[in-house]
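After this come two complexes, each holding subunit A, first together with subunit B and then together with subunit C.
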Partner chain A sequence: MSDGQFITVEGIRKTYRVGGSNVNALDGLDMTLAKGEMCTLMGPSGSGKTTLLNMLGGLDVPDEGSVRIGKVELTRLSEGQRAAFRRGNVGFIFQFFNLIPSLTALENVLVPVMFDSRDMSDRARELLERVGLSNREGHLPGELSGGERQRVAIARALINDPSLILADEPTGNIDSETAREIVSLFKELNSEGKTLILATHDRLVASRSGRSLRMRDGRLVRGGPQKRAPAGDSG
Partner chain B sequence: MIGRTFNPASYAISHLRHGLFRSLTTVATLSITLAFAILTSSMLLGVTQRIDEDEGLLRGNIPGSIDMFSEFNIDPELSEEARSALLHWMFLTTALVLIVAFFIVYNTMAMSVEERRAEIGVLRAIGFSTAEVLRIFLIEGGMIGIISWTVALFLGMPFIVNLAAYLISKGDGGLFFVQPVIDLPLAALSLAVSVGLCLISTYLASIRRIRKPPVDTMRPAV
Partner chain C sequence: MVKDLWRNRSRSIFSMSGMAALAFLIVIFSSIDAGLEEYFSDRVGEPTEEEKELFEVKRVMDSWTYLVAILCTILFALIVTNTASLHIMERRFEIATLRAIGLSHFEVSALMASSMLLLMLVGTASGAALGAISAPFLDEAPLSLGGGGLGIPLLLDVSVIALLGAIVIVAGVLGMLPPLIMMNRKSPHEVLRDV
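For the complex of A and B:
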């Protein structure tokens, strides 16, 4: 596929066996993304957004097709190699934050580097300050609001300075005001050269991304430059 | 515990502290069973030495034990058959107690792993290998082993020994008892058994879940 692209996905298929029948989560999907793009994936539940994010992040591998991030062909890597790739190159942000409940905000940010010999606590504090939580570093996730938890999760995703950030419904569990702040933060990261892919049902998020892709039944049904989302798009 | 000191060990400590009630009950039950295991092992050694050396009362040095034990001894007239039966009984008791201890840790860790399946998924998703996630759980299991051993040796043993001595002193005679001997080799052996037992049960309780692909394991955690 096109050279010079940061992400190149070619003909990926993924079938899951659910209740005795096969479900095509991804059905011969192709896509490319340039470095530094911010892109949203929209579409109804079950359209394959999360499965595609999992493929792009090396969490899962397709039954067919290829996924290339930079110069790395993810489908050729072993599970251990994909784990190492994820740790060094990909920042994940989840709808339900997925923080570790027994760790403070600062410790949660430090989780991805806990096996490193480098002292990353200053960087973790900087990141918490950046997401506006410098006064909450000693709090447990249970003591934080949904928006604060998501911001801790964003700081955690940034600790290794990943080139690719994948977010699955990042504003799906927070109020609209906090969602706006989170989207602004994503825009800021994007302006610094990070590539972001956000799976979302939220048209606010889509309206502020550079490009919106629509998925249906495991395929991309619309891509290209961002257009105004049609009314009635509930995702 | 942050910065360079935030490592898998501090991660494990945070988790043990967070689930303090469960940690304490696990340590309490494990240390009691371990104390029994150490006691029966020491008596086993005491009986063996007694038979081998065929000399007077074996003197022990259990921290906090009382002198009452000097009144109890293997009956010099005890027949070889009875001595042999006693040895077998003590060996079986020790083995049984250790099996119970194994299931205590296994059950605790299995419950903990099941509750933390989303956490395991996240750790895998952010790039930790199976071995690294396993290491976190083994450190936690190992810590339970060390803490339980310490409690068993310095609190559980004196308690059980003194209780046994008291009960025997209230008996109507005809009972025999051997002064337990806790020496360095037995202390080291019991530490190794305690930690080893915790590591094996933790491994068996967690490895299947850790090996699962992160997309299968990950569910909302917070």
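For the complex of A and C:
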């Protein structure tokens, strides 16, 4: 199943305990994605989009099933190994930007590499220039607009030149005009060969991605392979 | 993270003041202890009445030195724990973000510890400096409140600084451990889910 695929997700299940009851965030989900694809995950709140992104980025591990990115089986890695994998291979973009308020735009872009021996300041400046913020590198997040903050977050996600970019509601907290600019930036990154997965409610974002997957109740209901049989039924 | 100390400067100053007060207390107390030790180490012949009184002070100091050192260590550790816990709790989303973008437990812990280390260094250094400045004035301070007679000798030597250093290191490590353990127990995705 994984031949030629960059991302292979097989039968992942994840149950969270919320307020004394179990909630199936992911329910036997299968998914494959080729390198260089741009894909959106759509679906109502609580359908499992964020949980799936967390699994793909190695932030969380499934109770059952496997997640393979390239040749790396994420479920077999320790937490420390997954953190190292994220730093080198995955760029995370969040709905609320998640910038460090006491650091300037430039310093925020440099956060993922702050413990590296390499001096990445020039690359960080290049990335800020690329996202149109070269004149704002000394500004704190509080002095930037929502769109500018998201662009700083995108520059931060790109600092290590990751092959996979995961964005959770990247346009959920910005105006529609800025959202269009952000989506154009994503398209540009995608044209350079980066694989993007965007969890979104925004139809504009979905309409401009190459593939749109719809989720409901922890399963893909459109755009993905058939749901697997429950673990107990397999034999 | 060090910049956050300035963002919460009133708390930082409060914590540093507590640390400075403890450092001052340790310096003065152990200087008196060291001074008395030195005074009686080279004393020969029959002691005077005042020296007998001073010897009583030394006896009390000997039995209290360890207790004061332990109490100061506990108080110092509590200040560190309290400050670090608040610092970490307020920054839980930032910490989770750092973890999410690939920083290891160790790296995030080092960031947190570095800001606390700075507080400890500034607090301790200012308390120790205040103690060092005060020591000459307190040296030979009269034993009786009425003044006159034999004074209490003070000796600010390397053993005093070593004791202070040891207390700060032990208290710093003990104080930082609980908040760091608490910080690393929760997964970043659990914290970010609560945004």
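Worth pointing out:
Operating definition for what follows: the second predicted complex is superposed on the first by the 222 of 235 C-alpha atoms of A that agree within 3 Å, B and C clash if a C-alpha of one lies under 4 Å from a C-alpha of the other, contacts with A are read in each partner's own complex, and residues count from 1 in each chain.
FYI, a contact is a pair of C-beta atoms (placed from the backbone, for glycine too) under 8 Å apart; a residue touches a chain by one contact, two chains touch by 3 or more.
Values in this document were obtained by computation on a predicted structure and should not be read as measured data.
Superposition of the two structures on subunit A shows subunit C clashing with subunit B. By the touch criterion defined above, A:E37 lies against neither subunit B nor subunit C after alignment on the C-alpha atoms of chain A.
By the touch criterion defined above, A:E169 reaches neither subunit B nor subunit C.
Shared-chain residue A:M120: touches subunit B; no touch with subunit C. Once the two complexes are laid over each other on the shared chain, residue contacts for A:L103 go to subunit B and to subunit C alike.
In the superposition on chain A, A:E148 contacts neither subunit B nor subunit C.
One of subunit B and subunit C touches more residues of subunit A, and that partner is B. By the document's definition of touching, neither partner reaches A:D202: not subunit B, not subunit C. In the superposition on chain A, A:R86 makes contact with both subunit B and subunit C. Residues 54, 57, 59-60, 79-80, 83-88, 90, 92, 94-96, 98, 100-103, 111-112, 114-115, 156 of subunit A touch subunit B in one complex and subunit C in the other. Residue ranges of subunit C in contact with subunit A, taken from their complex: 1, 3-4, 6-7, 93-94, 97-105, 107, 187-189, 192-193, 195.
Listing the residues of subunit A that touch subunit B in their complex gives 54, 57, 59-60, 79-80, 83-88, 90, 92, 94-103, 106-107, 110-112, 114-115, 117-122, 124, 140-142, 149, 156.
On subunit A, the positions that touch subunit C within their shared complex are 50, 54, 57, 59-60, 79-80, 83-88, 90, 92, 94-96, 98, 100-103, 111-112, 114-115, 156-157, 160. Chain contact summary for the complex, subunit B toward subunit A: residues 1-4, 6-8, 10-11, 14-15, 17-19, 118-119, 121-130, 132, 213-215, 218, 220-222.
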